[in-house]
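Please find one structure pasted underneath; my questions will follow.
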Amino acid sequence: MRVLMIGDIVGESGRTTLSTYLPRLKRTYQPDAIIVNGENAADDGRGITRGIAREFFGAGVDGITLGNHTWDKREIFDFIDDEPRLIRPANYPEGAPGASVVRLTLSQGTLTVISLMGRTFMNNLDCPFRKVDELLTSIKGKGPILVDFHAETTSEKQALAWYVDGRVSAVIGTHTHVQTGDERILPNGTAFLSDVGMTGPYDSILGMEKEVVLKRFLTQLPVRFEVARGRSQLNGVLLDINVTSGIAQGIKRIRIDDDQPWFE
Amino acid sequence: MRVLMIGDIVGESGRTTLSTYLPRLKRTYQPDAIIVNGENAADDGRGITRGIAREFFGAGVDGITLGNHTWDKREIFDFIDDEPRLIRPANYPEGAPGASVVRLTLSQGTLTVISLMGRTFMNNLDCPFRKVDELLTSIKGKGPILVDFHAETTSEKQALAWYVDGRVSAVIGTHTHVQTGDERILPNGTAFLSDVGMTGPYDSILGMEKEVVLKRFLTQLPVRFEVARGRSQLNGVLLDINVTSGIAQGIKRIRIDDDQPWFE
Amino acid sequence: MRVLMIGDIVGESGRTTLSTYLPRLKRTYQPDAIIVNGENAADDGRGITRGIAREFFGAGVDGITLGNHTWDKREIFDFIDDEPRLIRPANYPEGAPGASVVRLTLSQGTLTVISLMGRTFMNNLDCPFRKVDELLTSIKGKGPILVDFHAETTSEKQALAWYVDGRVSAVIGTHTHVQTGDERILPNGTAFLSDVGMTGPYDSILGMEKEVVLKRFLTQLPVRFEVARGRSQLNGVLLDINVTSGIAQGIKRIRIDDDQPWFE
Amino acid sequence: MRVLMIGDIVGESGRTTLSTYLPRLKRTYQPDAIIVNGENAADDGRGITRGIAREFFGAGVDGITLGNHTWDKREIFDFIDDEPRLIRPANYPEGAPGASVVRLTLSQGTLTVISLMGRTFMNNLDCPFRKVDELLTSIKGKGPILVDFHAETTSEKQALAWYVDGRVSAVIGTHTHVQTGDERILPNGTAFLSDVGMTGPYDSILGMEKEVVLKRFLTQLPVRFEVARGRSQLNGVLLDINVTSGIAQGIKRIRIDDDQPWFE
């Protein structure tokens, strides 16, 4: 089973970039499933709307993972419970709305997608390590499992990947908006990439207008972050997973921007 | 001018890996200068000793940058002032021992190396943005300038790189111990890589024994971190800089481990 | 010289409580100057408006100190430069609008009021220790000096107080919204209280509706904090300062609420 | 039932101060139970030893609560499981050694003591709110219950107190080492004090040598904290609890130092 995962889609720039490249990526790589992180997909880079989620699903996306920006648009509380393919971090305290595990039925078999969030320098969520144990116990007849681990630090990301090595097909990090170059398959068969990176403005700071972010660093005064304009980038990862064993067989990074343009 | 920078050398594993690959890297790439980050080079991964610094210089290293672990070995206070090629972050409050800018005279010209540290989720140092302005003003007859920006977050790293674009040859991040795949040359000529990654144990969490780090995450009890054993990795970056203008002309990541082995 | 300082006024509740008790406090204590912290005085507890500042000055307040919420109301940028008695933390990077030191001419002499902010668990401001040195050097013909140190941790507050002991008349902490009971005069004559506490809703969490704050702690989901309703409290401190030497001669806490009611 | 709780005993200074005042406090107040926080009782202010715990029990202490410094002395792992009256925070992940709830049988009835730790700006422990629910459910035939809430922020402390109002006799904060002046009995009968303060060196920063702590703030270089010398202070709180209902009937702060000396 081939899974294409694309990192944090930021604002209209990210959405347009996704819709531009998705047909080409499908044509070239023929993925069985496409997962995107959508926590920054709204126009201002904060959260996601129902309309945007539908747009993604309409374009062939199979599941949308989220993160610390899940709840930024208030309307999410109105529709997240209706949409099982919107996947919010599983380690919010019990009772949080929305799904955090989804089982996607594909022609090739079933793909389980799990979202988890780190705690270091982030919210005081429940322990992601114990939570993943709990979730993995509850999943019957496993097959391929993809974990989007939305976390700040490389140490928490590596720790989680080693913790579940051999028990899931892949741990792909999100949240830092910068793709890492450490893709590998761990000894027991779990593919790992610390962060898949973002999709959206290329000449920006994490997708945001750089002058505004710089003003913040220089003055420590409040600023209003805006999604940047101009040329864009796409960052993703391609995973090949054995359907029977759930073991990863390949992991390949995808980076598309003016410095590393796409050639079909 | 060609500069080879190698990321955080961790413990004996990192030092051995450096000494194994350095001759081959020199042979293949013919760098004019070699800079390594040495903040984790001591046996326990904390700080650096005089002996290790000498060993690095003896092997052909031209400058050693440091970071938040600079002061971990108490003996550093005894020798850092004697060693101008040991470069600690410049934005410690005035009066801190040691140099934070070094001008290396090479056959090709002069290379200036600056160390700076981020503040987000780190120590309360002086503003790295204003500090870099101050340092750049004080450097006369510029030529190539390399900044090692030792920081936790991708946002602070990107912000600093954009801030100095066109004023330094390269901003290379360190500290997260994971190489990023976002190398590029910014519009005004500054090469940028969010993090160059570490050199040391490959099957580890940031170089440390993974079982111990996992125990920490799972129990929240204190543990004694130890440098991991077993196979190793090397992460570095190669920069080509125009000696006259100081503008970067090329940036190439180097990653060596069992999944991406070195072929000469 | 007798100075009455009243802690963080929160919302309409805090403003009403201030206007209720201020005449009585003046009658009883006959202060020469009245300073209030106004960073939470706006209706929603975030920042201050020009109208509220004028209301305070009209009621006999001589100076309004601020803190991390200084900039919450955008209109502050329009009027802070016109109002020298609005005092924002001095250790924002140079160039921030507004005054951070004010010299109030009273019948008894001149009172200097300084605002500083801590860094631990707060913004990355400039070092408050070096900043206070700088400010104290620049003040000529000293006399009484009051420092409002807006900080989170008791360690940073105690450290600053010891650092300036004998150089200012008083260091009074703000920001935690809870009055501490550690008032004292340090050996060289500086009065110190870790935190003066807040003025506003008594049955609340730091002035905010408690159910909402609890929801935040329990669910980790975003909530909209609101200033609480119901009965209120006032927290302040009274300082007696020798006008010639600037040395503190007395420090007395004031706490008014239903459990410790006011008797004239 | 009358309970005397004394805040974080720091080093030898704190231990000596405790042994000096305990007989006098017993004589004057006739407490039925004495609880002390012992997380800083070791000579260097970090953790506690078996010998010190025994010394406290020998002097008439009925229970010793702990906090984030629980595990600082490695020997704690050898004896904490043998000593049910040493009470570590209950919200460490399941499996942590030691007791976190103790039921003390006194002539007046049974006193339950619970230790909990906050998470804001502290370790990533389990949710203290859900943990306290769980503990309170498991306690049968309640009677007086004292909660030591070891936390950094006033907001988390107030939140927990409101959360358990009417379900426990008292929530007494520890950890900041500064006594607050906000003692009260909440509407449903729970006594509350944000922080009881520390016992140990008076001319210090949280009990530590002030020059060393100041050096840390000023230079950001590592220092070796030492318990301060010189005169000392004691901070405590006295609680009167209805044995049948568990409702608090009185709360009185105790502060003893050279500025507020003790008179029998």
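As written, the chain order gives the labels A, B, C and D, with residue 1 at the start of each chain.
By our rule, a contact is a pair of C-beta atoms (placed from the backbone, for glycine too) under 8 Å apart; a residue touches a chain by one contact, two chains touch by 3 or more.
Listed by chain with UniProt protein names: A, B, C, D = TIGR00282 family metallophosphoesterase.
Everything quoted here is computed from the prediction, not taken from an experiment.
**Q** Touching both chain B and chain C: give me those chains, sorted by label.
**A** Chains in contact with chain B as well as chain C: A, D.
**Q** Same or different: at the chain A/chain D interface, is the fraction of residue numbers used by both copies above or below half?
**A** Looking at both copies, the contact residues mostly coincide.
**Q** As a quick test, compute the distance in whole Å between the mean CA positions of chain A and chain B.
**A** Distance between chain centres, rounded to whole Å: 29 Å.
**Q** I'd like to verify one number: the distance from the centre of chain A to the centre of chain C, where each centre is the average of its C-alpha atoms, in whole angstrom.
**A** Measuring from centre to centre gives 44 Å for this pair.
**Q** Of all the residues in chain C, which ones touch at least 2 other chains?
**A** 93, 124, 127, 130, 218
**Q** Okay, in this complex, where on chain B does chain A touch?
**A** Its residues touching chain A are 121, 127, 129-130, 152-156, 158-159, 162-163, 176-182, 184-185, 187, 194-195, 197, 203-206, 210, 213-214, 217-218, 253, 255, 257, 259.
**Q** Where on chain A is chain C touching in the complex?
**A** 71-72, 92-93, 95-96, 123-125, 218-222
**Q** Per the contact definition, I'd like the list of chain D residues that touch chain A in the complex.
**A** So the residues of chain D touching chain A come out as 93, 119-120, 124, 126-127, 130.
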